[in-house]
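Paired with chain B in one complex and with chain C in the other, chain A is shared by the two complexes that follow.
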Partner chain A sequence: MISHTKVRIELVALFSACALFLSTIEYMIPKPVPFMRLGLANLPIILALGIFTYREYFLLLLLKVLGQGLISGTIFSYIILFSLAGSLSSAIFMLLIFTLFKDKVSRVGISLGGALASAISQLFISRLILFKEATYVIAPLFLFSGLISSIILGIFANEFIVKSKWYSTLKESKV
Partner chain B sequence: MKYSSLRLISGAFIILAIILSESLVLRFLMTFYIIVLALNSGRKFRLLPNIILFISISLANTITPYGLVLFSIGSYPITLGALINGANKALLLISFIYASHYMMSSRPQIPGKLGHLISMQFYYFDRLTTKWRQIEKKTPIIGAIDQLLLGIETEIDEDSIKQTEIKYVKTKDVLIHILHISIALLLLFIFSDMGKNILPFIAQLP
Partner chain C sequence: MKKLTPIDIIIFILFLTIGIMSFTLYSTVSENPEVHVTAGDKEWVYDLSVDTTVSFEGPIGFTTMEISNNRVHVHDSDCKNQICVLTGWIEKPGEWIACLPNNVFIVIEGHTDIATEEEADDISY
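Right, the complex of A and B next:
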């Protein structure tokens, strides 16, 4: 018989593999500006809310960051710092919104909040170590692109939650 | 030591070499090498989808012009730097997919809880990339993802019932895998600054 813990671990692994897979797809899409990101790999993080425990959620986050670094080849560069800061702040903020408001806030709101937290933390790191004063020049474009992509991602997450048989089975069974 | 762990270790070294390679030619060689290893481990390789992937990523990257302008389509410049950048990205992606196919071909287990989790992550990634290509192209996106995830779950259940035979390592296997790692590292060395001093023609390659 398969133990409960093993099933949970396999589920975290499946979600993290989805994040890795989405990172791969995102990697194929060219960006007009290098720092612009669609944040497709955040989709499993948004969907994991309410399914995973805090520990599992942050484990998923760690695997997502490492996977993204591996796919984009930035795992051994300072860019991983940006990824880590952005992902961590966004995950904490999304978890906070979800814990406080539960279903009163849609995934669009959660995704938007996460994107904002991620953008602010990355701009902060950028100001600190990379672009210095020039950060203020890229900030509007950076925030705007994050805003648009997070809304699209949130709409998709909402649709997925409503339409996906796999996800509804997962929620109903509560693993 | 299990044979699957040996593949995992050599695959990890090759991935490291691929990530560290900066030259396009070197990345091409590494990609070719990892595809051969994946084929040897029983995985399938289809040329056309990979060529389409390579061309589409390379062309899509011309959206960010960089370097020498090769020609223009109307007012849209096609630049050499952007094409090389795109080709580099495409090769990294293809090599990574085949590296994970190679590493996961006998479902290895990294020791420890985190190790187990990482092994599972790569195993699922391998299944996702393989199964994704089999999905009908006209299926709506959410339906396609659903089909993919439900399919993988069924497959995993069947897999856990089927107890696969564990193959243990022989000295010959260790030597072969050391050879694979050495080839990857040797290529990396040849294309490094030190290697370029020894073989000056390497410095002329993109």
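Right, the complex of A and C next:
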């Protein structure tokens, strides 16, 4: 018999692998500024809410940031700071929204909240270390791309949760 | 299709408001186009209509900016990739040139109807 811990670790690994795959897809899409992100890799994180424990959730997050750094080759550059700040703040904010509202919020709201937290923290870092006062030039671009992509991601996540039988078995088996 | 909840809508409106507010930042700048240059911790302001050539010192050397005929470009830079030089001339408010390796950022500020989709795309490239 396979132990319960092993099953859970494999589940985290599966979600992380999915995040890395989506990061690769995202990396192939051309973008005007290198650190701008569509946030495709946040899909597994949005889906992890409700089926992962806090430890598993943050483990997934860490693996996602490291994996993205490896794939884009930015792991040892300052861009990892943007990635880390964005991912961490959005993950914490999404977890907060989810724990506060539970079933009163759909994945669209969670996704939007995550994108907003991510955009704001990245703009803040950009203001701090890169563009200083001139950050406002890139702010609208940052915010609106995040707005649109997070709505699409949220709708996808909603649909996935309703339709996937695999996902509903995960939900039931949560400890 | 799963239904959206009121909280979804509230978060959406909050996001949209912040997004629109970020656009209004553009119109708070002064009438005459000015060239704002940030190099390291310092910031300089030049008049776009006065022709001049200035050098800024950054961590890897000098970046020379030239203002002529109401346009700005980086004439010369000690950086390796020369992206700032290749950016060429900029003239409209909101346009910018960045030399990341040398930590120099040049942006034109001034009064403009910049909040259109086309302009936003111009800025991105």
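By definition in this document, the second predicted complex is superposed on the first by the 170 of 175 C-alpha atoms of A that agree within 3 Å, B and C clash if a C-alpha of one lies under 4 Å from a C-alpha of the other, contacts with A are read in each partner's own complex, and residues count from 1 in each chain.
The rule is simple: a contact is a pair of C-beta atoms (placed from the backbone, for glycine too) under 8 Å apart; a residue touches a chain by one contact, two chains touch by 3 or more.
Small disclaimer: the values here were computed from a predicted structure and weren't measured.
Asker: Should A:Phe58 be classified as contacting the first partner (chain B), the second (chain C), both, or neither?
Answerer: After superposition on chain A, A:Phe58 lies in contact with neither partner.
Asker: Scan A:Ser16 for contacts with chain B and chain C and give back first, second, both or neither.
Answerer: first
Asker: Have a look at where A:Asn158 lands relative to chain B and chain C in the superposition and call it first, second, both or neither.
Answerer: second
Asker: Between chain B (first) and chain C (second), which, if any, makes contact with A:Leu147: first, second, both or neither?
Answerer: The answer is second: A:Leu147 touches chain C but not chain B.
Asker: In the superposed arrangement, does A:Leu112 touch chain B (first), chain C (second), both or neither?
Answerer: Second partner only, chain C.
Asker: Can you give me the overlap between the chain B contact set and the chain C contact set on chain A?
Answerer: Shared contact residues on chain A (touching chain B in one complex, chain C in the other): 32-33, 159.
Asker: Considering the complex alone, what residue numbers of chain C touch chain A?
Answerer: For this pair, the touching residues of chain C are 1-8, 10-12, 14-16, 18-19, 22-23, 25-26, 36, 38, 43, 94, 96, 98, 100, 105, 107, 115, 120, 123-125.
Asker: Spell out the part of chain A that touches chain B in their complex, as residue ranges.
Answerer: Interface residues on the chain A side: 2, 9-10, 12-14, 16-18, 20-21, 24, 27-34, 59, 63, 67, 70-71, 73, 75-76, 159-160, 163-166.
Asker: Which of the residues in chain B come into contact with chain A in the complex?
Answerer: Spelled out, the residues of chain B in touch with chain A are 15, 19-20, 53, 56-57, 60-61, 63-64, 86, 89-90, 92-93, 96-97, 113, 116-118, 120-125, 127-129, 132, 142-143, 145-146, 149-150, 152-153, 156, 160.
Asker: Enumerate the contact residues on chain A facing chain C in the complex.
Answerer: Touching chain C: residues 32-33, 97, 101, 104-106, 108-109, 112-113, 115-116, 120, 130-134, 136-137, 139-141, 143-144, 147, 151, 154, 158-159, 161-162 of chain A.
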